[in-house]
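Naming follows writing order (A, B and C), and every chain is counted from residue 1.
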Amino acid sequence: MAESWGMIVDLDRCTGCQACVVACQSENNIPINEEEHFNQRRAIQWIRVERYWEGEFPNVRARFVPIFCQHCSDAPCEPVCPVYATYHNSEGLNVQVYNRCIGTRFCANGCPYHARFFNFWEPEWPESLTNQLNPDVTVRSRGIMEKCTFCIQRIRRTKRAATKSEGDSSAETIFANPELERALSPACVNACPTDTLVFGDLFEMLSARRAGERLPKPKNRAQEIVRRELQDAENGRGYRVLEEKGTNPSVIYLSKVDKETVEEAVSHG
Amino acid sequence: MLEHVQLDQKTINKDLLGGVLGTPSWWLPTVLFLTLVVFTGLGAFGYMMNKGLGVTGLNRPVFWGFFLVNFVFWIGISHAGIMISAILRLTQAEWRRPVTRAAEVMTVFSLMAALHTPLFHVGRPWRDFWVFPYDFARGVWPNVRSPFVWDPSAVMTYLIGSSLFVFIALIPDLAVVRDRAKNVWVKRLYSGLCLGWRGTPRQWKLQAVAGILLSALVLPVFVSVHSIVSWDFAVVIGVEGWHSTIFAPYFIIGAIHSGVSAVAMLMALGVWMWKLDKYIRPDHFDAIARLLIVVATTWFFFFFLEWVFALYTLEGPEIVLRELQVFQWPYSALFIVFIVTAYFIPVPMWMFKSVRRSAFWMLITTILVNVGMWLERFIIIIPGLLRRQPLTFDWGTYHPSIVEILIVAETFAFVALGMLLFSKLFPLIPLFDIKEGMTNRREFKIGRLTIPATVRE
Amino acid sequence: MASSARAAPHAPRHADPRVAEPPTSPSETTGFLVGKHLRLGDNFWRAVAVFGIFSILGVIGFVVRLGDGMGETAAWGYYVAMFSFIITAASAAPMVAIAPRMANSHWRRPISRAAELWSVVGLLSLLWFIPILWILPPLSDGRRSLWFFDMNHPNLVPSYTPHIWASAAILGLVVTGLALVWVSCLPDFASIARRAPEGSFQRRWSLWMARGWQGTSRQWHMVKRRMGILGAFYFMMLVFVHFLISVDFLMTLVPGWIDALYPVTHAANALQAAAATMVLTAWILRTFCGYERYIGLDQIWGLGKLMFALSLLWFWFWFSSFNVLWYGKMPFEQAVIELLITGPYLWVFMAVFMLVFVIPLWTLVWNPVRHSLWGPPLIAVGILVGTFLDRIRLYVAAYSVPGIGNPSVHKHVLDFDHLPKTVMPDIWDIFIMLGAIGLIALVYMAASRLFPIMNMWEQRELQLYDRGHAPYHRAHVRVMGKSE
C-alpha cells in the first residue's frame, strides 16, 4: 500500500502538558529517565516538548513545540548509515533496524532535528515496572540508536486486525472506523488531551509538495488540514521545520495564533 | 649547500645496524613504560566495552568526541610517510634518503593507531566488521553511500599499500642483517624475511621498479583517504560548520602539515636518541623546514578560506558557531593555543636559518605544530556538535572522561612502542638508500664553487 | 631522469631525432639564439595576419556590444568569460618556469623564458578588465559580497571595494610578472646588445634594458636572488588574483553558491591551463620557429607529466566541491548544481569534463602518448578548449542570473523553478571570443620581439652542470650537477 504516514502538530492547541511524552515512554519501552540521565544529557525522549521563551518581561510567552522524528522523505540520517540500520520503508516511515545498528552515531550527527537517541547504558527498569513492558516493542540494548517510529507496532497490529475484520487494510478503511483509527494512531496522538496531534496518511499531499505541485483534493481529515493550512502561504498556518534544509519532513506544524494578532486582524477588518 | 660526510660502507653498516644488533640502554625502560600505557589504555577499552559508552564523556548532542578527534589526527600523521617517500622519491630529492624509512614506518603505525579509536568508539564494537563488504550471515551489504563504508576500505587499502612500501624498501637491508647475525635463529628469521635477496642486478631492478610503482599508486590512495575522512564531516548537513566544500583539500594539507612536522620530530629524535648525526645533517632539517614553511602557509590559506566562506553566508547559526569557537571559554583558550602553536610560533621561527638547522629547535617547533593540529581537529569537531543552532533546546557540553583520555594516550604510546620495537628488529634508516646516495655522489668545481652532482642512468 | 642524459656533450650521437641536442659550446649557443631573435621568419608575419584579423573582429564585437549599454549584465557574460580565460590560460604560465627552477629541474631551461613571457599577456587582461568595472554593479546595488557590505552603514566598506581590490591585484600581478621577465632577461639583453647591428632598434632597446649588465658575480647573485623572490611573489599574487576574481566576479553573482574551495579550484584550473599553454608554446617553437635543437622530447614530456598530474588535481577539486554540495541535498545547493552543471549548461559541462579530465587521464597515462612529440600537444589543445568552455559555462551562467544589479532583489538563494536559460552566443559574442584569442597571440608575439624567447644564460648554465659520461662500476653513467 502506498501510504505515507504523517503527523500534524497544531501549536495553537499545545499546552505543553507532556502527556504525549509519558504515553510514548510507556508505549515504546523507553527506559526511565532519572535525574542523572538528564544531568549527563543522555535522557531518551522520542517525543519532547521544547519550551521557548518569547518576548521581554512582562510580556513573556512560553512557546511549546513538540519535536520528534520528522520521518523525512529525504532524510539526512539514511545515506550515512554504513550498515543500513536506518532506511525508508514503503509507508514513508524512516525505520530503525535495531539488530543491524552498530552504533556509529553518524545518523545522529546528520539529523538537524536532534530526533535520534543513543543508548549509552544498558536500559534498566525498577522491579515494579518490569511487567509493564510492551511485548510488541523490542527492548533496545546499549550501544544502538533509537528514535520515534510513529508507533509502527500499532500500525502493523491494526492493519492485521483490519484485514481480519474488514477484509481490507487501506488507510481509508481504517480511518472510517474510529476504533481502528484509535488503535492505529501513535500513543502520543491518543494521549493528547487538546487534539494537538493529528495522524494520517499524507501520501498525496507530501508527494505533491515534494514535486512542487498544487496540493490535490484531500482524502481524509489530516489531508484536509494540510491542504487548508499549507497551500496558502499567506494565510495558512502550516509549515515544516527547517524546510530550507530540503529534508522534506512528514510532519506539518501549524503555527501559534496570538491574541494580539487576531485582535489586530479584526480591528483592521 | 649540502655539506657532506662521505662514509664507507662498513661504517654505515656499523652505525645504522647499531640499534638492531645491539641495544641502547634507554631502550628497555622506555619500552616497558610504553607497554604499561598501552595496556592501561586497552584496559580502559575493556571497561568501556563492558559498561557501555556511558563511561565516556559523550552525550546528546555531542556524539563524537576525543575518539574522532584522535582518529583524524592519526590519519593526518600517517600522511607524512607517503608524502616524504613517494613524492620526494618521484621528484628525486636527495635529502629524502635518511628519512624515508622512519616516515613510512610511522605511517603504518599511526594508521593502526588511527584504526583504534573509530573501531572502539562505536556502540557495539564486536560488530565492527559489518562495515566491510563481507557478509554471509546477514545477507545485507554495507550501505555504499555512507562515508563510514568508504573510510574502512580506504584506510585498509592505504595500510596494505604502505606496509608493502615499507617491506619492499626493507628487503636489501634485511639481507645485510642476515649476513651479520650471529644467532642461528635470528639468521633464519632474516633469511626468510629477505626473500632470498642476493643483490643481483635483476633483483635490484625489480626492487627499484616496485618502489616507484608503489609510490605512484599509493599517492591517489593517500589523497582519497583523508578526503574521505573529511567527508565524514562535510557531507553532514545537520551540524553547522561541517558542511564545507573545502574540507577535503583542507584536511589533506593539514595532514601534510602535521605529518611532515612529525617526520622532522622523528629526525630530531634520531639525532638525539640514536646519535645519527652523521646521517641526519643540519641540511636535512633545513630542507624539511623550508618545505614546512610552504606547507604551513598553504594550510593557513585554506583555513582562512574556510572561515571567510563560513562568515560570507551571514547565517545566524554559522556566526554563532564561529563566535563560540573564538570567544567562549574554554574554546577561546584552545583556539588561541591552536592558532599560535600551529602557525604563529613555528613559521616565524623557521624563517631563521639557525632554527632550521638546529635539531633541538626543530624538535620543539614540530611538537608545537602537532599540539596545534590536534587542537585544530578538536575545534572543528566539538564546537560544531554543541549545536548552537535552530532547535536550540539541545545545547550540549562536552567533558572527556578519564576513559577517553586513557585510550587517546594509548594510541600515542602504541605508535611510539611500535616504532621502538621496529627499530629493534629493523634499521630505521635505509642502509641501501644511504649507500646509493654516497656512491652516486660526485663533486666538481666551477670557479670557486663546489657543485654536488648525481649520477643518472 | 633518464632522458636528460641524452643531451650530453660527450654522449654517443643519439638515434632518436625527437630528443633535442643543443650545441655544446657557449658561444655557439648564444650566437645562434641571438641570431634567431634578430631575424624574423615568414611564419611570424603569417601568424600576425591571421591573429590581426581575429583581433579586429574582436574590437568590432566589443564596440557593437557597447551599444547595448553597460547595465545589461547578462549580455556581457561572454566578454567576462573571455577575461577569465585570458587570465586563466596566460597568467599562470610563468609558474611553469618558476616551479621547476625552484626544484632545480634541468629540463625547464629551454622553455623557462617562453613561460615567463606569458606574463606580458597580463597587460591584455588588465586592459580587458577595465570595462568590467562598469559592467559589474557596485555593492550598494544590493548584491552579495565577500566584503560584508552593510546597506545600513554604507560608509564602512566602500561600495566599489571588489573593483578596487581586483584592479590593484591584477595590476600587481602584471607588474610582478613584467619585473620577473625583465630581471631574467638582463644577461640576455647584454648578449643581444653586443651582437645586434649598430644603430638598430634591437641594439638600442637591449642596451637600455640591460641596465649596465657586466656579468659580475654580484650581479649574478642579484639576478638569481631577485628571480627567486619575484617568482615566489608572483605565485602569491596569482593565487590572490584568482581568489578575488572567482569570488567577487563570479561566485557572489550566484546567490547560494557557497563553495569555499572554488577560489583554489579557479587557480588550479589556471595552472592546468598554463601547462597546456606551455606544451603548445614549446611545440610551436620547435615545429614552426626553428628551435628543434633546443626544445625536444624532454620538455614536451616533462610538461605532459605536469599536465597529467594537474588533470587529476582538477578532478579532485571538482569532485570535492561537487560531492559535498550534492550529498547534502539542500535545495539552494541543488539549484546551484542545476545552474552550473546539470541544467542549461549540461552539454558544455560534459565537454569540459571529457576534455580536461577524462581524455588527458586515459591518454597521458599511456607511455606511447605521454612520451611523444605529438601526444601532449594534442591533449593540450583539448585542455585549452576545455578550459575555454569551462569559463564560458561558469561566467555566462553567473552573469545571466537575473537581478544582479537590481537593488530591490536581495536574494540569498537561487530560485530553483526560475533558473536562467542557456545563453547562446550571438555573432558579436563569437567575434569577441575570436578577438580574445587573436589578441592573446598578438600580444605574446609582440612580447617575443621585445624579449628573447629563449633563455640563453640558463642554456649556457646547463653546459656547466653537465659533466658528461663517466665510468661507473661496469657501466657508463651520466653525471649531472645539481645546484642546491
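The working rule: a contact is a pair of C-beta atoms (placed from the backbone, for glycine too) under 8 Å apart; a residue touches a chain by one contact, two chains touch by 3 or more.
Please read all numbers here as calculations on a predicted model, not as lab measurements.
The chain with its C-alpha centre at the largest distance from the centre of chain A is C.
Contact tally for A-C versus B-C: the pair with more C-beta pairs in contact is B-C. Rounded to a whole number, the gap between the C-alpha centres of chain A and chain B is 46 angstrom.
Rounded to whole angstrom units, the spacing between the C-alpha centres of chain A and chain C is 57. In terms of their C-alpha centroids, the spacing between chain B and chain C amounts to 35 Å.
In chain A, the residues that reach two or more other chains under the touch definition are 76, 79, 245.
Residue numbers of chain C whose C-beta contacts span two or more other chains: 327-330. Shared contact sites, meaning residues of chain B that touch two or more other chains, fall at 235-237. Partner chain C is touched in their complex by these residues of chain A: 74, 76, 79, 212, 244-247.
Residues of chain C that touch chain B in their complex: 1-2, 4-5, 103, 144, 146, 148, 239, 243, 258-264, 312, 316-317, 320-321, 323-325, 327-330, 464-465, 467, 470, 472, 477-484. Within the complex formed with chain C, the residues of chain B that make contact are 1-2, 91-92, 94, 220, 223, 227, 231, 234-237, 243-249, 301-302, 305-306, 308-314, 442, 444, 446, 451-457.
Across the interface of their complex, chain B is touched by residues 40-43, 48, 50-52, 67, 76, 79-84, 100-106, 108-114, 117-122, 142-145, 241-242, 245 of chain A.
Across the interface of their complex, chain A is touched by residues 51-54, 58-61, 63-64, 122-124, 127-128, 130-131, 138, 140-143, 145-149, 232, 235-239, 385, 387, 389-391, 393-394, 396-397 of chain B.
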